[in-house]
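The same chain A turns up in both complexes below, where it pairs with chain B and then with chain C.
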Partner chain A sequence: MPVFIPSSLTDATRLLSNNPSAHLVTGGTDLMVEVNFNHRHPETVISLRKIPEFQHWNIDNKSGVVHIGSSVPYATMEHGELAQALPALAEAARTVGSPQIRAAGSLGGNLGTCSPAGDSLPVLSALNAIVHLHSETTSRSVPFAEFMVGPKRNSRLPNEIISGVTIPLTNGWQGYAKVGVRNAMVISVASVCLAIHDGNVRVALGSVGPTIIRGSESEAWINSVGLENVTPSVAQEFGERVRAESRPIDDHRSTAEYRRHAVGVLATRLLLRGVQR
Partner chain B sequence: MSELEHYTLTINGEDRHVSDAWIGESLLYVLRERLGLPGSKGACEQGECGSCTVYVDNAAVCSCLIMAATAVGTQIATVEGLNQDGSLTDVQQAFVSEGAVQCGFCTPGLVMAVHHLLDHNETPNEQEIKEALSGNICRCTGYGRIFAAVDSVISIRKSTAS
Partner chain C sequence: MTITKTQRDILGSSALRPDGVSKVQGDFAFSSDLHAENMLWGATLRSPHPYARIISIDLSGAWKIAGVECVITAEDVPGQLTYGLISEDQPVFAKDFVRYMGEPVAAVAADHPETCRRALAAIVVVYEVLTPLTNPEHAIDEAREPIHPDGNIIRRQQIIHGDVNATAPIVVEGTYDIGMQDQAFLGTESALAIPDHDGAGIEVFVATQWLHEDRKQMAKCLALPEEKVRLVLGGVGGAFGAREDISLQVHTALLAMRTSRPVKMQYGREESFFGHVHRHPAQIWMRHHANTDGRIVKIEARFVFDGGAYSSTSSAVLINGVTHTQGPYQCPNAIVDGYAVRTNNPPCGAMRGFGVVQACFAHEGQMDKLAVATGIDEVEIRLRNIIHTGDTMITGQVLESVAPLERCIRETAAMPLPREMEAHPHELDLPGGSGRTADRRNIVRGIGWGVSMKNLMYSEGFDDYSTARCTLTNGSVELKFATSEVGQGFVTLAPQIARSVLGVDNVTYDTIDTQIGSAGSTSASRQTWMSGGAVDGACRMVRERLFEHVGALHGIDPLRLAIDDTDVVDTIGSLRITVQEASTNFTVSETFEYHHRPTQDLDDNGQGNCHVAFAFVAHRAVVDVDVELGLVKVVQIATAQDVGRVLNPMSVIGQIEGGIAQGLGLAVMEEIIVTNGIVRNPSFTDYLLPTALDAPQVLISMIEEPDPQAPMGAKGVGEAPCISVTPAIVAAIRNATGKSIDRCPVRPQDICF
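After this line comes the complex of A and B, so read on.
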């Protein structure tokens, strides 16, 4: 039978090793666009939406981490407890597509596609998230930075399935901002996630390079200046430094020059928001 | 060509059998072309217009982005199921009364989105209404009449409840 709807991770990984050419699908919001436009012609599909541990999320305050299963839809991250624990993820989730897309789209799919414009990805990067991968015989957990290796390329092996992510909580402010051509239903032209933990700033940039870029030099600089010394002109310089670390290209959505400008403005803005709290 | 699929979907509470289908077919295609349920409209087939909006397990989603064969075991509700006796729901009536329908192509998707919003939030503010309908594109009305229809449902429901 070419369509499988396994109800456990064990069944899913076994099905994938027995059907190596199978397409995995969670919400279908990336895959079906390709199928509808004849860019893909799947012969075997494994739907991951019925696996209970993939639909599950929990906040473990004792260990200071949040687990989010790979099938949890964005709609669940937008409000409530998850949004309180991870405000930057909630803000990113709220910018994805439309309510219909957010009711179906998932982190598993965003990570599976691994577009530099994927809105959850700068958040996973800035929050030092860990991605969990399983095959029939192996399980491994990789930091997001090692997971995404290029535009639409990740280090998932063909026989592996993403079960979910573990995201360490931060004890400071966190936020996400995105520039696109309009408000609703828009793929980002540039985006930034900024998070503060133990008084240190972390910043991750989306849509301005082949992967999500961690602004490590900008982070080191602002942390040497110290958050207590952030003034509008310091924030301005932080933005300039972030902009210098971006590596955007020209494409149908925007020019590299505009992306560089936008990412700097967003970084400045987020830093000011972060310290004004 | 790959193997053909046979499966059963639960639509508006009824089991509907689908035979000889290709697995890549979207739920929108299966509803319209195989099951004689043309209420859901297809315009973009890429999740952008919302005219294909249905509920799957109570979530409002784009049926063009759901692989129909993977929707086995879910509860699917389409615009045809809103009022099975053929009369108009209050939302549909308000769309007519307020002139929120011009060519009508977006209407089924918008009606589904409005019912979904008001089922979850009886008194949405303007911002919430705009956000809830941001996945539904209308090329004709300019949205003003659509928002008027939503406001009218809210006030009629409020006055009949009290």
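After this line comes the complex of A and C, so read on.
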């Protein structure tokens, strides 16, 4: 089985054009599970881990954005400058698998797989992240909301590679919470990211629908109430509204009823954390 | 002569595992690491359906693939077509019907695992899919035709004891459900089979719990004399009961014999979930009648164990369940009805605790209900009812084991409770852990109790003896036994015994294989007692021969001689020579078979002296619960366990801590989810095991009251830790939430709705 290890984005996109059936891999924490389960049988693999710009991240305070290359491992997001700039992303990163997984896994994989249970995706949604895609001949940037189109489906074209994301900085509180039936190293049963920017609340829900769900109606409601008026009962109602916007299913990990309940509770708690009440 | 005093690795010391360093460093060869020259790989085709008639099997596609050397089905089994530990009702390969999802239908041998995978994909099996029998009650009510020639009821056993019409003023009742737990050993099933050059026999390296039983079953299916099937223990990565039944043994051996080449088989994690039996899911109804002072007068109970498609050890699991209805409490009158039934769910069999886990979950739930109904606290209600040595159990058997139950409970109760949660706890210490779901104000703390007794060794007339040989020469000892080392530490203990009995330090053990008599299974908390007894017996016989030798040389009656540290001494004279010196140019070898006292079958009313001995334990659990989200963090487990005598403190602590983690798993997360006979979560992604973050603080007291029936006074310690910890945790969750929860594992939705 050929494995290509390009050292530039140009080489990578050219290789993908020439090998349209190739599987892209960085940390392999999704792909190898698929291979081990016999769900995928790659004939050609293109490894993206030697492309320098994919490993790069920077915080541009002047433009008010953070850029994170698609191969930057979650371990890098857990602490330090990135964590200070994007606390919700840090909290999500800390819930990804085990330390070994976090040393290998990256946003490129979460975006490429686009599972509704992808731990970082509610954060990218709530923070209005922009996903950068490149083919041999084109480059484009897609808002996360347009990028994820269904369960394990995204708008990446077969000849495109995800180089990274740009995340606008927010000027208010942000946080993330995830329910799993184990205290660590568990796939999300329900997750919520809540971020406040310019006094407005944004909320995104994971594992409770075919895509990450932005709680737009709940956002509009709480923003009309005003953050300064948030009381426990207001937060409770916010949770009820978030809950109503979720569209979960029953599966072997949990029930739709529990997931609906859990996102509501998490939204209430995150809002109270956000306003420190 | 001066003796340099050093810490010797004798009984009572925390001797280190001989394989410990290599396991930690990754050098230890597990059975999956084995390799042979010219080796082929084997793989198994399994049924995707829980119940179906096999219309046809077309192997031609597989044979056409380059690199495929052999394809076999039921047609190719030369001997008996079925096998089993108690009843031989399980096909080596399904022939006419498949009765559970994952049942083997065919096997291939090829030059590479990937070739095997393609060969399996090229086999065409036409099934007529049938409606699976998945509700155990439908196996009992005869609503369904038998799904197996042996019928849908594997065994029914009643217990009728005392005055069945007895009544009492306090009556509590409950129905308890226990989910299907997996042993989830880390080293998946694997074997390497090497055929003899003359084609008349085979050598198999395999990770198993009982070499001789595997050999017996394999020889029958392979149509070989037992002496032509030689088994060698491959490095075992955990067992917990899942290696008691054979899995890939016959398949691997048959492929090797057919191809005249070494064949290796190794299950992946997903296949492993289909490759071994699980803990029986069970539904247990109990009604306790008690006086107002809390004393139990009568227990009524009904047990239904779902055995799945084949019987495995279901009949023995049932007996363990029903005979432990009363738990570690006195009970003069009982009416118990128990079933182990056949369904198209995954086969269930041995797992640590073996039927007692299920019974204990029910009887401890009942004790808490009794405490509420009588207004007596949960510790006092248990103390008032505890069983003592000399009491008659509901089987009519008199409890002969040392029973320091009161000490277990009182010492557990005396252990310090964890501190109150801080105002700003670390996020990882809260329920939900790294998910940061909870804040301090969302958490409620609860405390719960569980107490249990567990039978040791095999029951119902089974003579599960063990064999060991001890050879002393020039101050060194070599031991030989067939005891499966599955991680429990017998390879640590056996040399400790020899050092203590014989006063030598250099003790080695030979390859663990079938070149000596059976050791019985590494299960039922039995190897310290049984194989320990065998090693102890063999070493004592060697010691007698050494004393005769020294006595003859020095003109001393051997009866006057004793071992003192590493010396042979004359107890009433001045002779003192080292064992090293005494055994120079002297070789003696003795083999000893240890048998426990005989037991009896139960009669139709469940009466009989069916068990050998018992061990006791108490657990107190402290949990923090996020009631609104239904998430749990087990904060602390305090336990005092009746161990008889501590032979290796570190090993005992390891068993206790590990057993508690396994019992915690059953309490709050571990469950194989089966829907209409389909396993939904055959992976470690979705079958959740506790992580380090889920493991609680564990406070341990080892209660040492040596049991005169046990060879070294020591009781088996392997199973007791995982039995009553589960009901203790669930009781703590009830205590925290005020909810009535009668099932385990407890799911978030069981708490928050």
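Odds and ends about this structure:
The rule we apply is simple: the second predicted complex is superposed on the first by the 275 of 277 C-alpha atoms of A that agree within 3 Å, B and C clash if a C-alpha of one lies under 4 Å from a C-alpha of the other, contacts with A are read in each partner's own complex, and residues count from 1 in each chain.
Basically, a residue touches a chain if its C-beta (ideal position, glycine included) is under 8 Å from a C-beta of that chain, and two chains touch if they have at least 3 such contacts.
Everything numeric in this text was worked out from a predicted model, so none of it was measured.
Once the two complexes are overlaid on the shared chain, A:Ala256 sits clear of chain B and of chain C alike. Once the two complexes are overlaid on the shared chain, A:Glu43 sits against chain B while remaining clear of chain C. In the superposed model, A:Ala103 makes contact with chain B only, not with chain C. By the document's definition of touching, neither partner reaches A:Leu169: not chain B, not chain C. Contacts of A:Leu227 after superposition on the shared chain: neither chain B nor chain C is touched.
Look at A:Val25: by the touch rule set out above, it reaches chain B but stays clear of chain C. In the superposition on chain A, A:Ala145 makes contact with neither chain B nor chain C. Using the contact criterion defined above for the overlaid structures, shared-chain residue A:Val33 touches chain B and also reaches chain C.
In the superposition on chain A, A:Glu91 makes contact with chain C only, while chain B stays out of contact range.
Common to the chain B and chain C interfaces on chain A are residues 33, 36-37, 183-185. Of all residues in chain B, only 2-3, 5, 7, 23-24, 26, 45-48, 50, 53, 59-62, 64-67, 69-70, 72-73, 113, 131-132, 134-136 touch chain A in the complex they form. The residues of chain C lying in touch with chain A in their complex are 117, 268-270, 428, 431-439, 442, 628-631, 633, 668-669, 673, 675, 680-681, 683, 685-686, 688, 690-691, 693-694, 747-749, 752-753. Contacts from chain A toward chain B in the complex involve residues 1-3, 5, 25, 27-29, 31-33, 35-37, 40-45, 47, 49-50, 73, 75, 97-101, 103-104, 183-185.
For chain A in complex with chain C, the residues that touch the partner chain are 33, 36-38, 91, 94-95, 175-189, 191, 252-255, 257-258, 261-262, 265-266, 269, 272-273.
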